Amino acid sequence: MDLQASLELALVNLTSPPVLAFVLGLVAVALRTDLRLPDAVYQATSMYLLLAIGIKGGVALREASPGDIAWPLVATLVLGVTIPVAAFALLRVLTPLGRIDRGAMAAHYGSTSLVTFTAAIVFLEASSIAFEGYVATLLTVLEIPGIVVGLLLARGLRGGGMGETLREVVFGRSVLLLVGGLAIGFLTGPVGYVRVEPFFGDLFTGVLTLFLLELGMLTGRQLSALRQAGPGLVVFAIVFPLLAGFAGVLGGTLAGMEVGGAMILGVLCASASYIAAPAAVRLALPEAKPSITLASSLGMTFPFNLIVGIPVYLLMAEAVGSW
Amino acid sequence: MTAGPSDFGSVTCLTIVAESVLEERLLSVIESCGARGWTVSMAQGHGPSHHGVSGIEGGNVRVETLVTEEVAARIWGALEKDFFPHYAVSAWAYDVRVARMARYS
Amino acid sequence: MDLQASLELALVNLTSPPVLAFVLGLVAVALRTDLRLPDAVYQATSMYLLLAIGIKGGVALREASPGDIAWPLVATLVLGVTIPVAAFALLRVLTPLGRIDRGAMAAHYGSTSLVTFTAAIVFLEASSIAFEGYVATLLTVLEIPGIVVGLLLARGLRGGGMGETLREVVFGRSVLLLVGGLAIGFLTGPVGYVRVEPFFGDLFTGVLTLFLLELGMLTGRQLSALRQAGPGLVVFAIVFPLLAGFAGVLGGTLAGMEVGGAMILGVLCASASYIAAPAAVRLALPEAKPSITLASSLGMTFPFNLIVGIPVYLLMAEAVGSW
Amino acid sequence: MTAGPSDFGSVTCLTIVAESVLEERLLSVIESCGARGWTVSMAQGHGPSHHGVSGIEGGNVRVETLVTEEVAARIWGALEKDFFPHYAVSAWAYDVRVARMARYS
Amino acid sequence: MDLQASLELALVNLTSPPVLAFVLGLVAVALRTDLRLPDAVYQATSMYLLLAIGIKGGVALREASPGDIAWPLVATLVLGVTIPVAAFALLRVLTPLGRIDRGAMAAHYGSTSLVTFTAAIVFLEASSIAFEGYVATLLTVLEIPGIVVGLLLARGLRGGGMGETLREVVFGRSVLLLVGGLAIGFLTGPVGYVRVEPFFGDLFTGVLTLFLLELGMLTGRQLSALRQAGPGLVVFAIVFPLLAGFAGVLGGTLAGMEVGGAMILGVLCASASYIAAPAAVRLALPEAKPSITLASSLGMTFPFNLIVGIPVYLLMAEAVGSW
Amino acid sequence: MTAGPSDFGSVTCLTIVAESVLEERLLSVIESCGARGWTVSMAQGHGPSHHGVSGIEGGNVRVETLVTEEVAARIWGALEKDFFPHYAVSAWAYDVRVARMARYS
C-alpha cells in the first residue's frame, strides 16, 4: 500500500462517526457544556456493547474450525501474559511511578479496548480488507489475563485478599457479559443470531457513537491530569502501543492469520482497557492513582491509536505478512 | 410523635456516597456490621478528594441505612479502615424517628 | 412430526438468544455477579415490549377480516374466564394455599406471558410454520380477564375497594400500552407501520434478550423461595400449563385456526403473566405472598414452557388438528 | 440560621421508601393527608420483610415530603393502617429547617 | 392537488404512529394512568433525536452544492430574525401579555419544532413528494436566532446578564448536539453515515413515537392551563402558524426550493420549539410564565400543525410554486 | 459517636430540589459560596408553586451538600436572591455528624 492510500485510510478512520463523536465530547467539555448521558443509560450502553461483542465473537467462534483458531488462541494468551510484564518493566525505566501504579498501568495495557477494536473493524470493513471472524473471540480472551497479571505484579503472589479480588474481577459484570455473550453466540449460532442481528449487529456502530461522545467528555475532564503526567508517561503512552502492536501483528502472522486478522491482534495488544480494567484496578489496587492510568490510556493512547495507530498496524501487518 | 400502637423509636440514618464500583462491597460490609436493610440510588458527585473516575464506572452510589447506634459505629469503623483512606467516599449520620423499631435493631 | 423433528425444534427454542440470556441471568446470580439493568432502562424496556406487541397486534387485526377473527376472539374470552377458575380449583386440591393466595395464582395463570408468547413466535418462524397474524390481538385480549377473575375469586364480588382496584388494573400502564398500541397499530395499518418497523419490529427479539437477562436474574434470586414451595405447588406449576395449553389448542382448533395459531393460543393459555399480573395482584391482594406466585410462574412454569412446553403445544396442535 | 427576610421555620421531613407499584397510591395518600409537595426518586433496596418482588416492578420509589407535625402524624397513621401491614415500606422522619414556611403548612 | 387528495394526505399524517402516540399520551393523562418514560431515558431520547437530526442535516449539507443552499440559508436567517419580531408585535395586539411573556413566546415561535419537522418529512415521504435533503440543515440554522431575538426583545439590549445567558443558550446541550451532529454528518459524509444509519436513521421514527407518547402526557397535564389562556392567545396559537408558515413557504419558493422543500421551510417557521427554547427561556427569563408558552406551543400550535397545518403548508407551497 | 482517630464533627446538610435546567447554575453557586463537594441525583416532584414544566426539561435535580454553617447561610442567601423568587426550588437544612471534618470546611 502506498503512502497516499494509507493517508486516505487514516482519514476514513478519523472521519468515522464514533471518532468524531469522541472529538465532539472533548469540544463539549472545552465549551463547558452541560451534556451528560444519564448514568442509567451509560451503564445500559456499556452492558449492550459487551454483550454484543461477546455474541458476535461466539457466533464467529462456532464457524471457525478448531484447527484455524488453535494457534491464534495460543498467541493471544502468550501476548496477554507478556505485554503487561513488558509494560511494567518499561514504566520502571521511563517513569518514577511506584510498584502499585505500574501494576495498575500494566493491567490497563495488558487488557484491551473494545472501542479501539471496533474502530479497527469499521476501518477494515470500510477498506474492504478481509479478516477472520473469530477476532472477537480473541478480544474476549485477551480481556482478562492482562488484568490478572497486572494485579499480581502490583501486589505480589502473596498479596492479602488477592483471592477475593480475583473473584470480583473474573466474576465481575464485564467478564460475565463478554463470556456469557460468547456462550450465547456459540450456542445460538448463525441461525439464532439472525434474529437479534438488527439489535446487536446493525445498531452497534451507532450505539458506540453515543458511548464515545460520553467517553470524549470523560477524557476532556481528565485533560488537566495530562499536564501533571511527566514526559516519561507521555513517551510510554505513545511508544508502548507501537511496540505491543508490533508484537501482536507478529504473533498473529506467525499463528497463520490473514493480514487483516494480524492487524486486529496488533490493535488488541496496542490498546488499553477502559471498561473492565479501571473497575478491577479500582477494587484491587485502591492506592493506585486513577488519574494517571486514565490520562495515559484514555487521554493519550486511545486517541493515538484511533488516529495514528490503526493505519500503522495495518502497514505493519502488510509488511510482516510479505516477509 | 408520641408512642402509638407501633413501637416508635429513634435510630441513626447513615448515608454513604461512594464510587459505584464499590456498591457490592459496601453493601456486604453494611450487612456484616449488622444492618438489616438499606436503600440504594444512583448519584453523581464532586468532592475534595475527587478522583475523577466515577464517570467511567457509571457515577456514584448513594446508600442509606437505618441502624442502631452500635451498628452505625461498627460501619463507621469499617469505613475508616477500608474505604476512607483509598476511595472516593463521603458519609454522614443523623437521628431519625421510625415506627416498628424492631425492624431496625 | 416425528420425534427427531420435535427434538430438533426443542433445541432451536432452547438455543434462541432470549432463552440463553435467561439462563445467563440465572448463572449470574449463582456466581453472585453484580449485574443489573438499571431500573430506568428496565422500565423503559418493558414499556417498549408492551407497546411493540400491541402495535403489531393492531396492524394484524386490521388485516384480518371480522369473519376470521370472531370465533378465535370468543374462544379466547371463554378461556380467559375459565382458566383462572380451573387454576383456583386445582390449587385447592393440590396445595394448602388459602383463598387469597389461590386467587393471586389464578390471576397470574389466567393472564398470559408476553415473553413466552414471543418465544413461541420466534420458534414458529424459525420452523417455518404458518400462523395467523392476529394472535398478537388475542394476547392483548387474554391479558386482562384472567386478572379480574382471579381478583374476584380471592375477594368475592363484595370485596371492599374492588372498584378502585379494577380501575388501577384496567387503566394501569400495562393495559394502556397494550390496548393503546393495538389502537395505534390498527389505525396506522401496514402503511404507517413500515416506518416504525425497524424500531418496534426488527429490534424486538434483541430487546427481549436484554430483558430476559434481567428476568433470569430476578428468577435466580427467587430460587430459594422454590425450596419452600410444597410438592403440590411444583406439580401444579408443571401440570397446569399442560392442561391449560391443551384447552387453548383445542379452543383454537375449534375456532378454525391453523395449526400454528392453535399452538400459540395454547401457549397463551399455558403461560403465566409476570408483567401485568404481579403489579395488579400486589395492589389488590397485598396479603398474597408474591414469593409463591413468582416462584411458581417465573421459577417453574416459565422455564418449563420455554424448554418443554412450546414444542409440546405444537405437537398437541398437530395431533388435534389432524383429528 | 436566624430569621431573615424569609420566614424560616422547622418542619418534618418524612422519607418513605416503598415498592414502586405503590407510587401513585402513596402520593395520593400524602396529598389527601395535607402535604403540599413531594420529591420522588428511584431506588433499590433490601429490608427485613423484603418480599423480593420490587425487582419485577422496576425497583423501589423513594418519596420525601416536608410537612407540619400534624400532617406527618396523619401520614404515619395512613401508613400504619394501609401500608405497613402488607407492603414493603420503610419510613422515617426528622426535623429540618426551611425558608418560606408558608409553603409547607 | 384536489381536496380529496389533500384530505387523504391529512389522514396519512393523522394516523402516523408518532401522532397517534401523542394522542395516546393525552388519553393516558385523561384516564389518570401512571405512565412515565423514566427521566434518564427521556433525556437520552432527546439527545438521540437532536444528534440524529444534526447528523442527517450534515450529510445532506455535504451533498448540496454551495450554490444550491446559499439562498435558502439566507431566507432562513431572515425568517429566523423576522418571525419572532412579528410574533412579539402580534401578541401585543391580541393579548394583554407583558413584555417578558411576549419575549418568551417570541423565542418559542421564532425557534422551531424538531417533531413537527419530522412529521412533515414523514408526511412528504409517505406522499412521495420530493424535497431537498439539506432541509435538516435549515432546521439547525433556524433553531437559534429566534431564541436570541426573543430574549433580546424581552430584556432589551442592555439587559443585565444577557451575555452569560446567551452563552448558556449557544453552548447549551441542544445547540451543541445539533451543531455537533451537523459537523459529524458533514465530515463523515454518506460513506461514514451508512454505518450508523441503522441507529440514527432507521430507528428515528420509532424513537420519536416513544418520545411523543411522553410529550402527549406532558401536554395532557398542561391542558388545564389552556383554560386560563385568554381568547387572544388561542387566536394567536392558530393564526400565527398560518402566517409564519406562509412566510416560510414564500421565502423557500423565492430562494428557489422545490415544492416539498418550500413546504418544509413553512413548517419550520410555523412550528414552535419545545426542546431548546423552553430551557433557554427558563434560564434567561425566569419571570415569564411557562404555563402560557407551553399551553400555546405544545397544547395548541403543535397539534394544530400536526393535524391541519402540515397539509395546508403543502397546499400553500403548491399554490405559490405554480404562480 | 465519640471522637475517634478521625476528627468527627457536625456540619449542615443542605438539600436543594430544583428544575433540572438549573443544575449547572446551582452547582456553580454552591461552589462559589464555598462548598467543597456535593451529590446530585435525579428526581420528580410536585410543589405549591409548581410550574409544571420540569417534565419537559427531564424532571428535577436533587442536590445535597455538606457545608459549614457560614457556607450554608451564604447559599441560602443566594437561593433567596436568585432562585426562590423565580424558579421551582425547595431547600431544607439539618445537622449531620461526619468524620474527617476537614473535608467540609
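Note that the chains take the letters A, B, C, D, E and F in the order they are written out, and that residue 1 is the start of every chain.
In the analysis below, contacts are C-beta pairs under 8 Å (C-beta built on N, C-alpha and C of every residue); 3 or more make two chains touch, one makes a residue touch a chain.
Predicted, not measured: the structure shown is a model, and the values here were computed from it.
Identification of common neighbours of chain B and chain D yields C, F. Between chain C and chain D, the least number of touching-chain steps is 1.
Residue-number overlap of contact pairs with C-D passes half for only one option from B-C, A-F or E-F: E-F. Taking each chain's centre as the mean of its C-alpha atoms, the one that lies farthest from the centre of chain D is A. When the interfaces E-F and B-C are ranked by C-beta pairs in contact, the top one is E-F.
Averaged C-alpha coordinates put the centre of chain C at 46 Å from the centre of chain F. As a whole-number value, the distance joining the C-alpha centres of chain D and chain E reads 39 Å. Residue positions of chain A touching 2 or more other chains: 34, 38-41, 43, 198, 202-203. The set of chain B residues touching two or more other chains comprises 24, 41-42, 44, 94.
Shown are all chain pairs that touch, namely A-B, A-C, A-E, A-F, B-C, B-D, B-F, C-D, C-E, D-E, D-F, E-F.
Residues 1, 4-6, 11, 13, 27, 36-42, 66, 94-100, 103 of chain D are the ones that touch chain F when the two sit in their complex. Every residue of chain A that touches chain C in the complex is listed here, in rising order: 38-41, 43-44, 47-48, 51, 55, 171-173, 176-177, 180, 183-184, 187-189, 191-193, 195-196, 198-200, 202-203. Of all residues in chain A, those touching chain F in their complex are 34, 38.
Only residues 15, 17, 41-50, 60, 62, 69, 72-73, 76-77, 79-80, 84, 90-94 of chain F touch chain D when the two sit together in their complex.
Within the complex formed with chain A, the chain B residues making contact are 19-22, 24-25, 42, 44, 51-53, 55-59, 85-87.
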